[in-house]
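Chains: A, B, C and D, in written order; residue numbering restarts at 1 for each.
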Amino acid sequence: MNTFGRIFRVSMLGESHGECVGALIDGVPAGIPISPDSLLPDLARRKSGAKGTTTRKEADVPRIMSGVFKGKTTGAPILMLIDNKDIDSGKYEALKNTPRPGHADMAVWQKFSGFADYRGGGHFSGRLTAALVCAGSVARRMLAESGVKVEAAVVEIGGAAGDKAIGEALDAAIQAGDSLGGIVECRASGVPAGLGEPFFDSAESLIAHAAFSIPAIKGIEFGAGFAGARMRGSECNDAILDESGRTATNNAGGINGGITNGNELVFRVAVKPTASIAKEGKTVDLETGKSVPITVSGRHDACVALRVPVVLEAVAAIVLADLMIIEQRIPRVEKAAVKKDKAG
Amino acid sequence: MNTFGRIFRVSMLGESHGECVGALIDGVPAGIPISPDSLLPDLARRKSGAKGTTTRKEADVPRIMSGVFKGKTTGAPILMLIDNKDIDSGKYEALKNTPRPGHADMAVWQKFSGFADYRGGGHFSGRLTAALVCAGSVARRMLAESGVKVEAAVVEIGGAAGDKAIGEALDAAIQAGDSLGGIVECRASGVPAGLGEPFFDSAESLIAHAAFSIPAIKGIEFGAGFAGARMRGSECNDAILDESGRTATNNAGGINGGITNGNELVFRVAVKPTASIAKEGKTVDLETGKSVPITVSGRHDACVALRVPVVLEAVAAIVLADLMIIEQRIPRVEKAAVKKDKAG
Amino acid sequence: MNTFGRIFRVSMLGESHGECVGALIDGVPAGIPISPDSLLPDLARRKSGAKGTTTRKEADVPRIMSGVFKGKTTGAPILMLIDNKDIDSGKYEALKNTPRPGHADMAVWQKFSGFADYRGGGHFSGRLTAALVCAGSVARRMLAESGVKVEAAVVEIGGAAGDKAIGEALDAAIQAGDSLGGIVECRASGVPAGLGEPFFDSAESLIAHAAFSIPAIKGIEFGAGFAGARMRGSECNDAILDESGRTATNNAGGINGGITNGNELVFRVAVKPTASIAKEGKTVDLETGKSVPITVSGRHDACVALRVPVVLEAVAAIVLADLMIIEQRIPRVEKAAVKKDKAG
Amino acid sequence: MNTFGRIFRVSMLGESHGECVGALIDGVPAGIPISPDSLLPDLARRKSGAKGTTTRKEADVPRIMSGVFKGKTTGAPILMLIDNKDIDSGKYEALKNTPRPGHADMAVWQKFSGFADYRGGGHFSGRLTAALVCAGSVARRMLAESGVKVEAAVVEIGGAAGDKAIGEALDAAIQAGDSLGGIVECRASGVPAGLGEPFFDSAESLIAHAAFSIPAIKGIEFGAGFAGARMRGSECNDAILDESGRTATNNAGGINGGITNGNELVFRVAVKPTASIAKEGKTVDLETGKSVPITVSGRHDACVALRVPVVLEAVAAIVLADLMIIEQRIPRVEKAAVKKDKAG
């Protein structure tokens, strides 16, 4: 379903080539200063333009339709919309009956009996992550007040690490009309111990749940992750140093038993290579039932992983903000705002 | 929170050294034959006894306290309890003030200000997975009627694959008073296309959410997963072969855009090495605040991954059963049962 | 929280004097024809203009921002917005520090420490029911296919029944600068037996939950309701006439044990008199702490109950549509649409 | 579904003539002293024995199966079971095919195709309210720490008020082999302003939702309720007396716009007459399809309303406890307990 969270709740909407994409967020404390401008820095980081990203250019200036009054959140639901303007749906009509390999097209066609908006992936497009980023900015602002900071970065593209190697890998893939995947790492500092709700809402469960909503994510690991599965216990256990729970190593990635332990939160996601490629693939024609070749000539990222970091930060911030509210570490009305207003 | 699912819902309870562990399941169709006996085969697979598993021996005969009448489910909530009998809590009193490295002890102590049941990990013990397995058996029974089958197996222990190599790795670790992690793979066949609910309840999101509730899981990947992040698009895209959506390869692991595509569902989890080891580690004494050495001499699995397969099947079955009900592919009253009852 | 429902889910947003009010609805089956025009008849019934209703005039033409493609629902979330245009916020600035008796002003001021949008009741305004009516229209369309029909009507205004008596009561109240309450009855025909989910989601629980979200509702009763509390069992029990469950009387209002019994669904709500009146009341000045007189001179309904019927139908339809989906009596893709599309 | 609440969550289970009834409660703060004994006073108030109540006698000593350690809550889910011992199911076998008028039998038979446990109403029996009362006791204990107190009382039986008139009405009904309904009023003092979550989780919505889960409840009204629908605004509006929001009258019943306003919370429910009566009624034989007379000779309350007060308190306390946690007015670890433990 399109809603995530328990108190701080995000509901998603929109299509790649429809009117807009957007997020409706509920449970935001009252008194937080939010404006369209305050959302722009995160949105800018998500934008395309760099090598390996699509040529679709959207202004991406969000409109805040509700829940903010006199520049501050009111406690009512906040609707944030981002219009779709640079739409070029022409080529999608041709692809209507030939589901693109690696895309959701075929599964979606089966689920919704052909009624889904197929233009640019419709509701299943990476375009929706622009709205996620807006919701993430609000969550991040809520966390900042409590000293929690979330940062993600690309650590690997097409198996290559380091700017130079990554640049070369991208060049080679682009030239081949092909695409690359990558690995993105996210770290959150200042996370207090005690976040996560047993049995099912472990910190890992919630972060993974939200992260797999990002298109193209196919794996996630916390701390040592898959490498930890090859360690011995004596190597993997993190020695506890003091009463605060600080550990000598961080193979747990900041989470034990599903509960944050006060150390840095660390996790990585695997981003598959962009499915849309100029190289010929193979699919079926849904009208004739025959096998046909397919090349996808639209405007696409050669490597969508490059744009994932700020989106990954967004989902991590969304999860942490909700857990912080549940744990009563973020109050329901921003205290700083109340004080300031009273002083002023 | 302790409940998972939308229509078919599982709520967990219990502690390692308390009265019992259990699961309360709601939304089970009426008319399904369920008895304590029908749960035993799955529970037997979870049991210890083999090399690398704990010497704690529990009869693990579940009691069904509600929701079943004349041998069939009634549509009302089903409470399944498994008593704890082979309890040896003595040593835990000594560990009360020295949180075990790699365990939830320290995080839980901080979250609940010392009120949690610390004996054997309390509510955070792997013991609760016995109840998960019971719920999984019911889910599995629901799926069977629709031709969906879920099977998991250990693919790697301590970096070793194959029975001989794994056996040697276990021997070495046990002799060293140490423990090993492992990787477990789960496959589901017969899964129809169309399961998964955008935006947030992608099939991957829900499976990952449930899987990270299993203690010791630190990573999950679908299809090609992390290896896919190192592929090119032309290699990773699965060619679509026919109108049913069958693909030539299965790098997607049976899920595109969060929706099952009708191919086999495939995912793997990383299980960290058992945290309880005889080798000396380091922790803090919560009473004195001083750093102290710690060895954990209780009865433990040298490799908990060995007992994960049936638990992983359980969570996969729980997720799939709920998605099948939501997609109206499992009816709310078992049709076969109705027919049989009418005939009889 | 701002979301209601389990599969068919409605999320609300907006303020009386903000940009817009709206509803984001999820879980709508794919293939249902929906257009802004299709929502107008219900919206028209909610409109003001008749005696006893406000002079605020809104065009109330909804915009569908997502989830509909080529005139039909896609299965993705549907955002419906109604712009606020006839806004006259001037007088609310004056009322900012003097919470209006009978309104949410004071409670909201305390809950959100003064950050809420106070203009025209903000998020707590009856204006939001326009969006509820849109969601209700979609629900009603879903139900129509299954033969379920929901109709509500005013049965009493200010204690008077019948058009003439009601007209006179309204005239008298308007002349006195006062307002009236009323009682509205809702009936749903064609409701199948078996809707309602024990223990907590009884049909009555869900309808009451949704109905009390409508501003000014202060009571609800099903079937004989409060009058039934004064009957004897022999009088109140509805004799069962045949295997379909048809009963001779309908004191149960179509619900037994929280489950619909196949008879007509009947319930009534108590609508309190409009709180905004020209007659002088008493409140406190939040800046000075002093008691002050207050008259509310804005544009208001003299009797909000007159506009409640279509809103009550909306919430009833929303609840029934969700229960019908859960009971698998409304499919997830509209069958008629699929057939028609295949034929065409 | 069988779960209610957002943070403090109650899940119900059990049948009238099965092993037990019970409640699984999650989200209870750690550190609260709870024991079976502490639940007895509330359970005693629910017990039968007085004039007009059933002769079924249950010891009703609850067992706490999880979530409590060393006499205090741990933060983990608490399972409370009450065994069924005084079971006399014989007569129900005879009633199996003749659904009792006024009962859930017929609706349940249709919903679950005959698989439901029909003995004594099964999962739809008033017997489950014993478990609700246990959960309510825990909620009440949580509220007490914050000065919130919930009390309910019978205000009317069979239309009669006052002990003498009620006694006479009961005698007459019992002699006639008939039953009576009644009206029960609940008041909560010490409720802070600001509880209730717009748009859908108004305080009234949640209380009504929970109250309609109690068998036999057919109406609810807050403050002036249905009488308020016959008032004018000038009469119904509660004058605000001071900055705390205290009002001169309380026609709002302590709730405005769905948010508590700091005044006493007041609501009333309509309880229908017990459906089981010795007087002859009319039903259908499900095997033959023929109309047949029916008398219900089991052990029943002549007036179930007499036993409702403590149950109504329980659901009110459950709702208020959850809203208090959401509003962060009840901490997640009991502060008094932490202090005392540190001192001790």
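Observations
FYI, a contact is a pair of C-beta atoms (placed from the backbone, for glycine too) under 8 Å apart; a residue touches a chain by one contact, two chains touch by 3 or more.
No experiment lies behind these values; they were computed from the predicted model shown.
The chain pair with more C-beta contacts between its two chains, of B-C and A-C, is A-C. Farthest from chain C in terms of Cα centroid separation is B.
One inter-chain figure worth recording: chain A and chain B are separated by 26 Å, centre to centre, where each centre is the mean of the chain's CA atoms. With each centre defined as the average position of its C-alpha atoms, the distance from chain B to chain C rounds to 43 Å. The distance from the centre of chain A to the centre of chain C, each centre being the mean of the chain's C-alpha atoms, comes to 36 Å.
Multi-chain contact residues of chain C (touching two or more other chains) are listed as 1-3, 6-7, 12, 76-77, 111, 123, 198-199, 327.
Of all residues in chain C, only 6-7, 76-77, 198-199, 326-328, 331-332 touch chain B in the complex they form. By the touch criterion given at the top, residues 1-3, 7, 9, 11-15, 18-22, 24, 26-27, 30-31, 65-67, 69, 72-79, 81, 111-117, 122-123, 333, 337-338, 341 of chain C touch chain A in their complex. The touching residues of chain B, when paired with chain A in their complex, are 1-4, 6, 12, 99, 101-108, 110-111, 121, 123-124, 128, 156, 158-159, 173, 176, 178-183, 193-194, 196-202, 204-206, 208-213, 215, 217-226, 228-243, 245, 247-248, 251-253, 255-262, 270-277, 279, 281-284, 286, 289, 291, 305, 327.
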